[in-house]
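After this come two complexes, each holding subunit A, first together with subunit B and then together with subunit C.
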Partner chain A sequence: MQLKAKKPNLKVMLTTASCALLGTTATVCAEETWQFDTAIMHYAEADRVSATEAIIAGTKTFKNDEILSLKLTIDALTGASPNGATAQPTPQTFTRPSGNGQYNVKAGDTPLDDTFHDTRVQLTGQWTQPLLKDYTVSVGGNFSKEYDYMSASLNGNVARDFNKKNTTLSAGMAYAYDVIEPEGGIPKPLSEMDVGDSNDPNFNDDFNKTRIASDESKSTIDLLFGVTQVINRQMIVQLNYSYSTVSGYMTDPFKIISSVNKNGESQAYLYENRPDERTKHAFFGQTKYHFDSGILDASYRYMTDDWQIDSHTFDFRYLIPFTNGHFIEPHFRLYTQSAAEFYQPFIAQDEAKPNFVSADYRIGELDTYTVGLKYGMPLGDGNNLSFRLEYYHQTPKDNGTQAIGVLKEVELYEQVDAIIVQVTYSF
Partner chain B sequence: MSNMVKGDRVVKCLARKGGFTLSFFSMASLCEVLIDTDNEALATELGLIAANEAWRIEDKYSRYDSKSLCSEINSKAGQVVEIDEETFNLFEFASQCYEMSEGTFDITSGILRKVWHFDGSDNVPSEKSVEALLQLVGWDKVSYSANSFLMKKGMEIDFGGLGKEYAVDRAVLLISQRSNAPFLVNYGGDLAVHGTRENDEPWQVGIEHPSFDASQSTLVTLRTGAVATSGDANRFLLKDNHRYSHILDVVTGWPVKNPPNSITVAAPQCIQAGFLATLALIQGADAENFLKEQNILHWSIR
Partner chain C sequence: MLIVNRYKVLVALSLVCSVVGMSGCSSLGVEPWERDLLAKKEMALTSAPIDASLDDHIYFSKEATSGGRSFGGGGCGCN
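So, the complex of A and B:
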């Protein structure tokens, strides 16, 4: 009959024809539009660091289900961060990490270095597309830069669907390279902080003796294996294992540790030193369950590494929708970790110096919890607005170290309160 | 009485697992919109959007409605009629279908029903009467511009082959502009889906034909795009042991030989699927081959 193989492709011709028909308002024919998410987040610790972050993320889905996501994050950090030294019943003086001047800490206060202010710009991009039947591949990159820090990474991931897309297996790999170039250079590990008179003409020379380099770097390789299983219409489960190995400079050049005498009085401050290898294993399980009244999202993560840090994270969210399209989502998160084997709140002056030591409470024994609430509402035309308010509490704990002398009178493990506020608009 | 209210214009909302089903009656079909959302108010609003658009299209383009634009155009055959942009766009689409089908898909061919009554009887018309009517068939005999339309006196146009599918696509367009929720629009077996469902689950739809038994209904699994169905096994003529299908080759004016009872075709848009299904039936015995050659996904019932 009329239409044989030599005929032009009907499907192509029809696409043009129906575009004209439905085209006046058609989004189906037009190039798919971008979907944007914008967010402003503010994180504030009581009397310490505060950070404000602005995010704009765009996602575009193309005709053959290719997805391009781009994200720009800008954050500004200001405030004071613990320098690692213990509180003392007397005032203390510290040299700034840059070597430009000194700062004083009142008696009884946890020493905080108030020189932190930095602006970070981060750009991430990810391309995801179906490949062959049942396969999805994804590649991406990330670059971030702040005043004294640069990070670049690449990642790739492949996923395969089985069992009518009810089961997905995925494997991924990522490589990251970070460079830190602190103002004032890299301190010599375990050397004593020079706390002389910074106006002394010899001060700079003395300070420079504690420096070994202007920058350091580290590289990270991550491997990720995951399985996602649809259990039934209501339930989906995801299990992941990830392996991460870091090699290079992981010491925090801004952190010190107090060296104390038998009476607990600070005699010197030593720059901390961490191993230059770290291997982590993490196991992650998550389930989402769709109840008639809402959606439960529960997850658990177990992480263990060869620094002897083991951590457990429990996270629960429950989304409750209202009939007008608004929703409320309570959030509860519990976190607990054991201390790194080289963590110590202070060093006894008369004992041999360990090879590795850090008094950074973030790698000490630590419990935290987060309670929060998110409220979201549709604004029509597919736009959404949501607000998030969370309270984050950190409880650093002693890892069995006995406080000695005057250290018994001060707070060695100061708890930290923080508030997180976020506004998100999607259009 | 010029503003008669049509009694059954209501949209019913029914909860189902994962969302709501909105149903109403239009274009001689049960019309359903399935929306995956927890939000009943939103579902109802989206259902109303679809229903109002379907009723608007029915009122404008139904040849059974004497007040429709279609009836006005038909009653003014021989005169220049003013048309609007939407009608022009539909004519443009019909015109391209006419060209793509080399004249076999023709919205002026409905007039052949005057002699062909596919009522299962042996009432086959005479060649002379068919020949006479063919003088009034042919898209090449009409002329139109962006705002006017003219056809020969006695000719008729019929949007029956496109209207329902067009309403489905319009519903998809309007709902997707209002909400991100995944949904399915099913107007009497012509259907389209939009959005990604939770867990990327596909829609499964049984395409039921009143004339077939349940075992012959076609189960279609759909993640994106549309399907439309053509064919009706109950419409035929039987004379001298020869079965005449209701699918007319409008070039000859006579039924095509041995078409499938029904063809369901998948395409990105419902109006495309509808055209392809009809065009395939016109190929008669060659229907499935025709679709295969064009690499078009389809389900056939013979």
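So, the complex of A and C:
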């Protein structure tokens, strides 16, 4: 009799590895298996940033309905990001945020800083279990680290079921602490970027005069209250209210704003400055409806904050199953936001400097939409494979600011196109 | 501003109705043996958590809003 060499099974290997990590004995571990989801996603903007993100997530359900979820995310970011300055009809030169050299931008182009390069590793863990009758509690933590950024958070959540588990009320809280330590340090808010000759022996001293610290931090407290209601055999609804307050450094140390003369010509670049407090309220509603032909997932979110940003998000997915177990799911998302009160595309040189100012289009008036399609198939033994392709479009808007002089000749609000591709394998 | 206020009132009302009307809610819902469709994995409110976390990361870095469905705090220097 010929013995067939057994192929190494990825699930068995990962289960053994996670059991070893958790210090569980092999026999106990073998009784309860893990469910793994893995994914790789690539996000690419035309001529700008691109990012690749890989995820491996494991979930294990124990005998008493306790659930342990662990997730590892690794992503790499590279490419060019707008630095906040306006395009000009003439070429422009900027000093890199690190102070190590300079970069040039062609006439008419939106200034992009091409030094973006980072790798992030994130670990997430969550423990969920039933408690007493009708209660579920959950606690978790998250840690992520990249070259110049660290984020750590803890969360806790309690939920109670009513009416034969048709109604669930939940309340949760999370605390996050973030530290940013950019190469080249933290710029002095509203100081002028030093754009001298970077080969000049005095350049380093001049650059350092624009720096005030090596790192900054912020902390975030989130509260989340939710109601989930089963309506009937086909329909479930969820309503959430969340409150979030952030305190600390929210300025983007890599962003600047152009200070222009009466003819719109750039005279200086100032480092931006944002308030160090922000309070947000968000209302989120979602429904899932099981039609005969498929499942609708529709949600809406309204957010308002004390930076005067209001936003509306609409999200629709419709899952269409086929008889062979395959499915397709079209996706459509619409997003619109108003500008932060301190957003300005540029500053007039002869006007008094505001306390807070940012030309970052992501806190300006902005509309975006996403269209996408997911295709999934079963591979037997409960394994699943799916592909997702999405197109994301951003239309930044002018929030009423009139372009002056030469700024009328250039594009101040450049649109952004991005493609998202993703492969997910669950086993 | 008026529109914003109207939205706030609407959402607050629906929340209040959901909570205060809990007794009203008891007429909603299903018996345990009628959960065949709701029990499907695809009917979970977050049926694709991996997609949701990837999307959260993208939109967190590209737009001024985060959270709502779940916690939105903390993050990355991923801009």
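Operating definition for what follows: the second predicted complex is superposed on the first by the 397 of 427 C-alpha atoms of A that agree within 3 Å, B and C clash if a C-alpha of one lies under 4 Å from a C-alpha of the other, contacts with A are read in each partner's own complex, and residues count from 1 in each chain.
In the analysis below, a contact is a pair of C-beta atoms (placed from the backbone, for glycine too) under 8 Å apart; a residue touches a chain by one contact, two chains touch by 3 or more.
What you see is a predicted model, and the numbers here were worked out from it, not measured in a lab.
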TODO: Identify the partner contact of A:Gly325: answer first if only subunit B is touched, second if only subunit C is, both if each is, neither if none is.
DONE: first
Open item on the list: Contact-wise, after the overlay, does A:Ala340 reach subunit B, subunit C, both or neither (first, second, both, neither)?
Closed with: second
TODO: Tell me which partner A:His290 touches in the superposition: subunit B (first), subunit C (second), both or neither.
DONE: both
Task: Touching partner for A:Ser217 - first (subunit B), second (subunit C), both, neither - done: neither
Task: Partner touching more residues of subunit A, whether subunit B or subunit C - done: C
TODO: May I ask you to decide whether A:Ala57 touches subunit B, subunit C, both, or neither, giving the answer as first, second, both or neither?
DONE: second
Open item on the list: Let me test your reading of the model: by the given contact rule, A:Ile236 touches which partner, first (subunit B), second (subunit C), both or neither?
Closed with: both
- [ ] Kindly classify A:Phe162 by the partners it touches after superposition: subunit B alone (first), subunit C alone (second), both, or neither?
- [x] second
Open item on the list: A:Glu146 in the overlay: touching subunit B, subunit C, both, or neither? Say first, second, both or neither.
Closed with: second
Open item on the list: Just to be sure I read the superposition right, which of the two partners does A:Leu77 touch: subunit B = first, subunit C = second, or both, or neither?
Closed with: second
Open item on the list: Does any part of subunit A touch subunit B in one structure and subunit C in the other, and if so which residues?
Closed with: 165, 230, 233, 236, 290, 321
TODO: State the interface residues of subunit C toward subunit A in the complex, per the touch definition above.
DONE: 4, 7-8, 11, 14-15, 18-19, 22, 25-26, 28-32, 34-38, 40, 42-43, 45, 47-51, 53-54, 57-59, 62-65, 67-79
Task: Residues of subunit B touching subunit A in the complex - done: 17-18, 38-42, 85, 89-90, 92-93, 96-97, 100-102, 104, 166, 169-170, 172-173, 176-180, 198-201, 267-269, 271-272, 275-276, 279, 283-284, 286, 290, 293-296
Task: Contact set on subunit A toward subunit C in their complex - done: 37, 39, 41, 43, 51, 53, 55, 57, 71, 73, 75, 77, 81, 118, 120, 122, 142, 144, 146, 148-149, 151-153, 155, 162-167, 169, 172, 174-178, 180, 182, 220-222, 224, 227-234, 236, 238-242, 244, 246, 252, 254, 280, 282-286, 288, 290, 295, 297, 299, 301-304, 309-311, 313, 319, 321, 335, 337, 340, 362-363, 366, 368, 374, 388, 392, 394, 420, 422, 424
Task: In the complex with subunit B, residue positions of subunit A that touch it - done: 1-5, 7, 9-11, 13-18, 20-28, 165, 230, 233, 236, 290, 321-325, 378, 380-382
